[in-house]
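Down below are the structures I want you to see.
In the two assemblies presented below, subunit A is common to both, partnered first by subunit B and then by subunit C.
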Partner chain A sequence: MKLTHREVDGIMILEPRGKIMGGPDATLLHDQLHDFIKENKKKVVINLAKVDWMNSTGLGILISGLTTMKNNGGELKLANVTEKIESLLTITKLITVFENYDSLDEAIKSFS
Partner chain B sequence: MLNVILSLVFALSGAVLILLSGIILRENPRGRINRVTAMMLFFAGMAPVMATIYYSVIAGSGSDYSPRVLNFFYIWELFFPSFLLFSAIFPVENPLFKRRRRLFYLAFLPHIVHLILVLFFSDPSGLLSKLAIKSDIPIFGILLEYIGYILALIVIGINAIFEFHVRFFSIINLVYIVVASIFLYTGYRNVANPRIRQQVKIITYGIRIALGLYILAYIIPTIFNIELNPQLQYMMIIIGLLVGPGFIAWAILRHRFLDITLIVRQSLVYTVSSAIVVGGYLVAMSQVGRFLSSVFGGGLEVFQVAIMVIALLFFQPVLNFVDTSLRKLFIKGKTDYRVILEDFSSKILTLLDINKLIDETLRTIGDELLIERVFLALPTDNGNYSIHSFSEEVETKIKKDRVLESFLIVREAPVTRDDIPAPALSATIREFLRNKKTELIIPLVASHRLIGFIGLGRKASGMGYNSEDITIFKVLASQLMVAFSNARLYQESLERQRLEEELALARQIQRQLLPKSVPRYGNIKFATYSEPSREVGGDFYDFLMTKTNRLAFGIGDASGKGIPASLLIARMQAILHSVANSDLDVSAKIAHINNVLSMGSSEGRFVTFFYGEVDTKADRIQYCNAGHNYPILIRQNGDCEYLKDGGLLLGVFGDVSYVSQAIEFSRGDLLACYTDGVTEALNEKEVEFGEDRLLDVLSDNRHLPLDKLQETVLDSIKLHCNGYPIQDDCTMLIMRIE
Partner chain C sequence: MSEVVKKPGKIIIPSDQVYLQELDEFLEETLRNFSMAEGDIADVAISVTELVNNAIVHGNASDPDKMVDVEMILKDSSVEITVTDEGDGIDLSDIPDPLSDENILKETGRGIFIVRSLMDEVDITAGKDGGTVVRLVKKFDPVK
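Presenting the complex of A and B:
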C-alpha cells in the first residue's frame, strides 16, 4: 500500500493505493492519523477509490483508524468504496459503523 | 688467522648494514625516516668495511701506507651525528627537533671539519716544509718568512689538535650517544601502539648494546688512556657489530620496522641465509682441507676439487633448508600480512554473528595490520550508515551519500583519499571523513550493491599505503564480502527458523482448539474440514450442547495470522463455552461474547462468527451472524438462501446489539458454513473461487453423502486454483438432516 494525503477545506484526505494488508500498512496509517491528531486536524476521509482489495488485517487497520479518531474526538469517513470492499463491509456489518460516501465531494460536504 | 676471522666478520656485518641501508632507502626514498635511517646504517656499515680493508689489505701487507689512507677511515664517525638525528625523529619527532632543526644538522659540523682536517692537513710538518720557500727578492723573502711564522703557528695548533683529536672526538661521540639514547627513550615512552613499541624497543636495545660495547671497548679506554687486552677489545667490537644490525634486521623482519614490504623482507631473509650457508661452507671447507692435508700431506688441490664437488651437490638443499627455517622463524609470524589474512579468513568464515564479525574485522585491521582510525560503515534500512569504529564502543549513524555509494560501486577496489570526489559528496560525509582522517576506503561490493565500506586512517608506522597494502585489502574485502553475506543469510535463516517455530506453534494451538470428532445429534450428519494455510490464520469451528439440549455450532475467523490470531480464537472459544450453556437467547449470547471480547482485545483485532443452535424436534435453527461470510442454506428442492442476520463482527465495538433469526431446517436441507479462505481461494490469474461457484457446486451435488459432497467442493476449489497455493485458512462445516 502507498499512502498520500492532502487537505481540502480543513479536511484531511488520505489516499491509499493498492492492497491494504497487514504489517507496515498498519503503522503507516496509524502514524499518519496520529500526526493529524497532533496537528489538531480531526476530520479525515479515507478515499478508497484506488484500493482494490483488503484482507482481514486491512479491515482491522480501518477499524483501529476509526477508533483512534473517535477516541480523540475526531471523525473518520470513507469515500469511493469499491464493490469488493463494500461487500466486505456489508458481510461484516461494518457498513453500519463506517460512514461511507459514493464520492469524495459528498464525504467532504458531510462534515459541514 | 685472527685477522682472517676478524675481516670475515667485519666484512659480513658491514655488508649487512649497507644492504639494510639500501633496502630501507629503496623502500621509500622520499620518507625522511627512511633517509636518516639509511644514512645512519650506511655510516655504521663503513666502520666494519674499513676495518675489513685494514685487516685484509693493510695490516697483512707490511708495506707503508700513507696515514691519509688510514685517516679516510674517520668517515665512519659521521655515524654519530646521524644517530643523533635518527633519535630525534624516531619513533616520533622530538619536540626539540621541531623547534631547533638546525641544531641537529649542526651536529654534523665537528665531524665534517675533523674529516677535512685529517684528510687534508694530516701531515702538518710536511706542510711546514713545503711552506719554507726561499725567495730571491728580499721583500718577498721577509714577507714569506712572516707568513711562514704565522703558518707555522697554525700548523703547531693543528698539531696540537692532532695530539688529542682522537680523545676529543671520543668525548663528542660519547655525548652524542648519551643524548641520542635519551631522545630514543623519551620517544619510546610517547608511543602508544604496542606493535610500534615493540619495534622501537628492539631497535633501541640493539643500538644500545652495540654502542655500549663500543663505548666500553674503544671510547672509554681512549678517553682515559687505558690499555685493554686487544683480543677482548676485538671481541666486544665484533659482538657489537653483530648485535646492532642484527636487531635492526630482526625489527624489520619480525615487526615490520618501517613497513618494509614482504618481497624485500623475503630477499633479506634469502641474503642472510645465503650468507650463513656460504660462510659455513667456507669455514668447513678450509677446516676439512687443512685436516686432510695434515693427514695425507700435500695434494691439497685434489681434495679441494673433491670437496668442491660434494659441496656443490649439497649446496642447494642446505640453502633451501636454512632459508625455509629462517622464513618460518621470521616471516611466518604475526607480521606477515598473508598469515594475518589466512588467520582472519578462517576465523571470519565461522563467525555468523554480524556483531562479532564487525569486531573481528576492526580488530584485525586496527590491531594486527596497525592502522589508525579504522571504521566500518554498513548501510541501514532507513537511509543511514551505521558506523562501527575500532576502539570506540559507541555506534554512530550518518546519512547515506548517493555519490559516494555509486562511486564506490563503480570503483570496486580500494580508493585513496585523493581519488574520492570530495566536492561532490555531502557535507556530512566530507566532514566525517575529515574527522576520521580517512586515507583509504575499501568498498565491499557484492553484485553491484554496496554492502558496506571500511575507512582506514594513517598506518601506525606513518608510511603511506603501497601497492602491496592495496592488494592485501582487495583480498580482505573479497573475503569480508563472503563473510558478511554468509552472516546475513544465517541471520535470515535464524529468523525464518524462529518464524517456522512460531507458525508450528500457532498451527498446534489451532488444531487443538478444533473438536476431535463430530457430534452425534439426532439424525443430523456433519462434515467438517479445516486446513490452515502456510501462514496459519485464525479459523475455527466448534460444537456445544446447550442447557435446553440443543446442539450449538459455530464457525469463525479471527483477523490476523499466526500466534496472535490463534490466541484470539482461544479467547473467543473460552468465552463461547462459558456462555453457550447459559439461559440467554442466541442474540444475547453473541452480544455477551462481543462485550467480553471487546474489553480485552487489542486495537483492530476482531472475530467474524456465525453461531447457530439446532433444534431437531422443532426442525429449526436459531442463528446469529456476527459479521461472518453468509452460510448457504440449500433446501431439498434446490431453493437456497443466505443466512445474513445478526450484527457487527465481534471484539471491536462493545455494547452493540445483535439480532437472531429462526429458520426452518428439516430433512434433506443442507447448511454449508465456511470461512473466506474457501471463497477467496485464487487461481494464477488472481480470480477468486467465489460464492457463486461454491453455491453451484453445493446445489449440484446436494444429494451426495456429506463426505463425498465435501470432497467434491474441495476438488472443485483445487481445480479452480490449478496449483496456485491457497493463501488463507480454509474451513467448512456442512450439515444435513438425513
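Presenting the complex of A and C:
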C-alpha cells in the first residue's frame, strides 16, 4: 500500500493505493492519523477509490483509525468504497459502523 | 534467515510479513495462468494473504526460521489451495464471533470468518508433523 494525503477545505484526505494486507501497511495509516491529531486536524476522509482490496488486517486498520479519531474528538469517514471492499464491510457488518459516501465531494460536504 | 522458494504452483516463505507482497504477486500471476477472473483472483488473494498472515503471526510466532508453505492445484473449474505452517496448531473454539456487538469494533478476529465467506470449501486440520494445514477450494468459471 502507498499512502498520500492532502487537505481540502480543512478536511484531511487520506488516499491509500494498492492492496492493504498487513505488515508495514498497519502502521502507515495509524502514524499519519496521529500526526493529524497533533496538528489538531481532526476531520478525516479515507478515499478508497484506488484500493483494489483489503483483508481483515485492512479492516482492522480502518477500525483503528475510526476509534483513534473518535477518542481524540475527531471524525473519520470513508469515500469511494470499491465493490470488493463494500462486500467485506457488509458481511462483517462494519458497513453499520462507518459513514460511507459514494464520492469524495459528498464526504467533504458532510462535514459542513 | 531462510529465503523465499518458488516452484510452479507453490511458494514457501519465511515467517515475516514483508513477504506478503511477494506472495500476492505470485498468487495473482499463477491464478491468471489458470484463466481465473479478476474478482475471483481477488477473493483468493484476500483469503490466502489472510491465512498466511495468521500462519506467520499466530502459527509460527514470527520465527523467520519457520516457513509457510502455499500450494495451488488447478482442478477442472476450481482451484485447491493449501496453506501449511510449522506452529503449534490453532484452537478454533478460541475465535469469538466477529459479528457480535461486543466484538464489532475489535481490530482483529475476522480473518477466518472472511475466508469462509469468500471460499467454497475451508478445512482446517492439524498437520502430520505438527502445525496447521488449511485447505481452501474456490470454484470459478474460466475466462475465455
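Going forward, the second predicted complex is superposed on the first by the 112 of 112 C-alpha atoms of A that agree within 3 Å, B and C clash if a C-alpha of one lies under 4 Å from a C-alpha of the other, contacts with A are read in each partner's own complex, and residues count from 1 in each chain.
Going forward, contacts are C-beta pairs under 8 Å (C-beta built on N, C-alpha and C of every residue); 3 or more make two chains touch, one makes a residue touch a chain.
If you're wondering where the values come from, they're calculated on a predicted model, not measured in any experiment.
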Contacts of A:19 with subunit B and subunit C, given as first, second, both or neither: second
Which of subunit B and subunit C A:91 touches, first, second, both or neither: both
More subunit A residues in contact - subunit B or subunit C: C
Partner chain(s) touched by A:28 [first = subunit B, second = subunit C, both, neither]: neither
Which of subunit B and subunit C A:49 touches, first, second, both or neither: neither
Contacts of A:37 with subunit B and subunit C, given as first, second, both or neither: neither
Partner chain(s) touched by A:57 [first = subunit B, second = subunit C, both, neither]: both
Set intersection of subunit A contacts, subunit C complex versus subunit B complex: 22, 55-57, 59-61, 63-64, 67, 91-94, 96-97
Residues of subunit A touching subunit B in the complex: 22, 26, 55-57, 59-61, 63-64, 67-68, 91-94, 96-97
Complex contacts: residues of subunit B adjacent to subunit A: 537, 557, 559-561, 603-606, 608, 626-630, 646-649, 652-653, 676, 728
In the complex, subunit A residues that touch subunit C: 19, 21-24, 52-57, 59-61, 63-64, 66-67, 84, 88, 91-94, 96-97
Subunit C residues within the subunit A interface of the complex: 17-18, 20-21, 24, 39, 42, 45-47, 49-50, 53, 98-99, 104-111, 113-114, 117
